[in-house]
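Next come two complexes, and both contain chain A; in the first it sits with chain B, in the second with chain C.
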Partner chain A sequence: MHNINPSIKAGTVTIAAIVIAFLFDPLALLLYIGWTIAITLLFGRVPIRKYLLYLLPFTMFAIGMLVSTLLFAKTPENPSVTQQFLFWELPKETVQDALALAIRVFSYSTLSLLFVLTTDKVAFILSLIQQCRVSPKLAYGILAGYRFLPLLKDELTTIRSAHLIRGAKTNTSRFSRYKQYTIPLLASAIRKAERTAIAMESKGFTGERDRTFYRTYHTNWIDWIFAIVMLGAIILCIIVSKSFQ
Partner chain B sequence: MKQPLLEVDQLIVTFEEESTPTLEDLSFTVQEGDSILLLGPSGSGKSTLTYCLNGLYPKELDGKMSGSISFAGSHIEEFKSGKINLEVGTVFQDPETQFCMLTVEDEIAFGLENKKMSPDLMESEINRVLSLVGLQHRRKDQIHTLSGGQKQKLALAAVLALEPRLLILDEPTANLDPAASKDLVETIRHLKEQQDITLLIIEHNIDYWLPIINRTLLLDRDGSLYFDGDLCEAVNLYDEELQQRGIWLPEAALLAKQAQLPKPWPLTIDLLPHGLQFQTKPQEAVQTGERIVCVDNAVFRIKEKVLLDIPTLAIRQGEFLAITGKNGSGKTLLSRMITGLLKPTAGDIEFLDKKLRRWNTNELYQQIGYVFQNPEHQFLTDSVWGELAFGQTANEEEIQKALEEIQLAAQAEKHPFTLSQGQKRRLSVATMLVQEPQLLVLDEPTFGQDSHTTEVLMDLIWKHHQRGCTVIMITHDMDLVDRFASRVLIVDQGRVVQDDKPAAIWKKTDLSVYGLSLPAKEAYSKQKDEASLYA
Partner chain C sequence: MKSWRMKDIVVMAALAVVFGIVYLLFLPVNVVMMGLIGPIGTDIIFGVWFLVSIVAAYIIQKPGVALVSETIAGVVEVLIGSSVGPIIILSAIVQGLGAEAAFAITRYRSYHVLVLMGAGVGAAITSFIWGYFRGGFVALDPSYVVLMLIVRIISGAVISGLIGKAISEALAKTGTLTSFPLGKMYRQRKAG
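== the complex of A and B ==
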């Protein structure tokens, strides 16, 4: 899984997500979720505990979606056709809509996790340059910016203490406090960005596509098999689901 | 005469918003194999010159540039975009902002890719440059796990990978502690022995570079060149001018000056004659009063890692306490814990006999001043005057007096962010002092500052100390410790390992273990003692 070309992986996941958006059959979706989880755990070398931990917030979100759709559903056209759902007797239409929505949300989560947990960020960006012809200027800029995130967090903590010492009002509204922190934070971020840009240029970076790559990413038949299998599985899930109905 | 590697001829650079040029009619040449030290006060256009030499200007310049720069015989503008950067490599001062990749090897590969080297050759090239700077064991590591000194070495390695013919070092030790600085200079000296690389070193700290340089350029405040020649001659001819411009003279020259030794002064301590007498400040017995801070079994941990472990520590009113030690030893954490900015995981801290957590925050910080490393973090208003007036009961007269003390009266209306580095630092200290705190904590107040700002700051701090303010100062500068401190704490791996008067510390401790060095005077007398022992 980790060795599959990141660009193809990203493309496959995106196409799968689009197809799922038009799929309303809860059973087919459930089957596909199972398939995605199985692929992630079997081929992604993701520890099952870690996976469940990441999946937890998404599960909560999906359950939340389910409940709120059930509660605030539009008036069904055939209220007489009801269905037993846990302890309640609810209109069948409502239940189906709610289930389809919640399951779809859940299935997006599993697809995203499949990508995020098995892909190296640097590899993804480098592969975007090499396979998707993304401009190196943009891509290396993103990489450089990524390094700043933890620095910004540390800086915010320091600024907060510094302002506390100065006796700056800390009981003012959240908004005005953030305004107070923004200027020093921005000033230093801009300066840092400028320095990094200068350092990159002085290493001969021009932003042109004409460069060599230490880590090269190719596409080979395994990547295409992955794409075909992942997308083919959707059709398979639909067929299997139909045969049960 | 052989052709110079670099030839700068009548270079003038004027920024759009400035009325006077930043670089004024600059002409000099660099021969292959030279190691040149370029000294100039802050604001003399040293960084501007760097950008001109590596081809960033005039491309990125908002302003005018005239004159010519030739590299190896051809005009610098004739080089294709990105090509001159491969000939002229630069290491900058800030170790945090020179990288765009996440791991050590990727960062070096980044330069090689720009150079369009074939990927098959990169492997061995990465190993080669990493072993030149002694980082081969960190090859696969994430850059953020390196120390400041290691990051500067990586920046050096990444530039060396481009195989430049001229290497510009733009204040590479400005953000490093003395031990890391020496280590970096040693690495560069070693490099210089192995391959005959041409160096242009832009610095304000002369001492580190003495073993390397063969020529010195002196740049004035207005960006003009007034000396080009031997460093020893420069120091002896222009000692007054250098000091006025805030440049630190070499330690040995400073000692010679203090001892009123006739010129020429030597540059290294071992060349000073025997038996020099220095004026020492009369060490008045320190008047200490009640306990102001008391630490009781305080521990600070993140997860299982103990970052700070202080079983007991008492600080008395009227002390001038210096905290010193390696980078990352816990000095800043300790100072933040004492002042309540960092809550200990376990244990108690009392300020004026009342537990810190029982203090009302506003009242506490009327009594405690804390000056952070980066002065910008502390500014709250949009004028220098506003900063001093903020939250104070001080009247206009007092604020005016404070402004004059820090020599910023002319800048009263300016935005604090537009001040120079030294001015910002002076302002941030002054904002803490107008409230006349009982306890003042300073986190490396003189770090990276020129000698002028250092003097102004120390005068100011000393004046408030005489008024009765207790001072805690984190510093690496042992000369300052020797001159001002009444007590020294050495912190190592989160523990206080030494706690004594400065004079006693100089005698009994091997400071090099903690990445520190003796103050110049002590180093001198120690060396002379040893010399007479063997004589």
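== the complex of A and C ==
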């Protein structure tokens, strides 16, 4: 799983998500969720505990979606056809719509986790240049910006100390504290970005396409099999679900 | 894209990283809002997710910046480990296109406050169409869906348009933007 070309993996997951957007059959979606989780755990060498931890926020999101759809659903065509849902008697249509929606949100999450937990971030960007013809200028710019991430935390500490030492009010409200930190943080990020850009150019980075790479990425038949199997499974899930009805 | 300097790109990426974090921080807020007042809770704060388009386009003032900065923010969210996955890049592109359209209409000549708000509205509309299919708004009451759209448009205009403008101008005041169009605009205004 970790060795599959990141661009193809991202493409497959995205296409699968788009197809799912047009799928309203809850059983087929559930089957596909099971399939995605199985693939991630079996071939992705992801520890179950870590997986569950990552899945937790999405589960909450899906439940939120379920509750809000139940509360704000459109008026059903046959309100008399009701169904027991936990403790309430609700129109059957509403319950089905809400369940389908929550399951769909959940299936997006499992697809995302399949990508996020098995992909090296830098490899993803480098593969975007090499397979998807993204401009190196843009891609390396993004990588440079991404490297600021850990620096931002240090910067925040610096700003806080600077405020303290100069006797700025620190016990202000949460909102004004955001204002107090955001502008200096952005300003220093922009200064740093300008310096980095100059450094890149002075070291001979031109951003042309005919550059060489230390790490090269290729696509081979395994990547395509992965794509076909993942997308084919959707069709399979629909067929299996139909045969149950 | 040819007219972009390396500096423009890295600054765009740096902005995208900062706003990418902001975007991720707002995801749990979103869940709380949704839990409290339903799907419309998302729309109230939705303008937050277009901020980088408006800020970056206002600072750099070149064609394509609104679209690409939002896209980079989406990529950064994936890199940080957003839970929403690579699909978020597509959502970002859709939002960026909406914002970009507003700047394209003025042929990238005007960065008046109304244009900035228009960019927020554009992003609100495209993101709503995208959300309609992805989020399955079909299941909701049609009049409620219209209300959601209106709230989102207002949020786009106010949060991303007005607050985005305020952030950019506060940055110009610090003097960090002297080599960018907004910084130059600010200096001229101060001098004249």
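Please note the rule applied: the second predicted complex is superposed on the first by the 229 of 245 C-alpha atoms of A that agree within 3 Å, B and C clash if a C-alpha of one lies under 4 Å from a C-alpha of the other, contacts with A are read in each partner's own complex, and residues count from 1 in each chain.
We take it that a contact is a pair of C-beta atoms (placed from the backbone, for glycine too) under 8 Å apart; a residue touches a chain by one contact, two chains touch by 3 or more.
Only a predicted model underlies this, so the values are computations on that prediction, with no experimental measurement involved.
Look at chain A after the overlay: chain B and chain C fit there side by side.
Of the two partner chains placed around the shared chain by superposition, chain B and chain C are both touched by A:Ala187. Set against each other, chain B and chain C touch different numbers of residues in chain A, with C touching more.
Contact with chain B, but none with chain C, is seen for A:Gly167 once the two complexes are overlaid on the shared chain.
Once the two complexes are laid over each other on the shared chain, residue contacts for A:Lys203 go to chain B alone; chain C is not touched. Judged by the touch definition given at the top, the superposed model places A:Thr59 against neither chain B nor chain C.
In the superposed model, the angle subtended at the C-alpha centre of chain A by the C-alpha centres of chain B and chain C comes to 70 degrees, rounded to the nearest 10. With both structures placed on the common chain, the touch criterion links A:Thr212 to chain B but leaves chain C unconnected. In the superposition on chain A, A:Ile159 contacts chain B only, with no contact to chain C.
Once the two complexes are overlaid on the shared chain, A:Ser68 sits against chain C while remaining clear of chain B. Judged by the touch definition given at the top, the superposed model places A:Ala17 against chain C, while chain B stays out of reach. Contacts of A:Pro150 after superposition: chain B is touched, whereas chain C is not reached. Aligning both complexes on chain A leaves chain B and chain C separated at their closest CA atoms by 7 Å. When the two complexes are superposed on chain A, the residues of chain A that touch both chain B and chain C are 144, 146, 183-184, 187, 192, 196, 198, 200-201, 205.
On the side of chain C, the complex with chain A involves touching residues 1, 4-7, 9-18, 21, 27-28, 31, 34-35, 38-40, 68, 72, 75-76, 78-87, 89-90, 133-136, 139-142, 144, 167, 170-171, 174, 176-177, 179.
Residues 10, 13-14, 17-18, 21-22, 24, 54, 57-58, 60-61, 64-65, 67-69, 71-75, 97-98, 100-101, 104, 108-109, 111-116, 121, 124-125, 135, 137-138, 141-142, 144-146, 148-149, 152, 182-187, 189-194, 196-198, 200-201, 205, 207 of chain A are the ones touching chain C in the complex. Looking at the complex, you find that chain B touches chain A at residues 51, 54, 56, 81-83, 85-86, 88-90, 92, 94, 96-103, 105-106, 109-119, 122, 143-144, 155, 158-159, 162, 336, 339, 341, 361-362, 365-366, 368-370, 372, 374, 376-380, 390-391, 417, 431-432, 435. For chain A in complex with chain B, the touching residues are 122, 140, 143-144, 146-147, 150-151, 155, 158-159, 161-168, 170, 180, 183-184, 187-188, 192, 195-196, 198-206, 208, 210-216.
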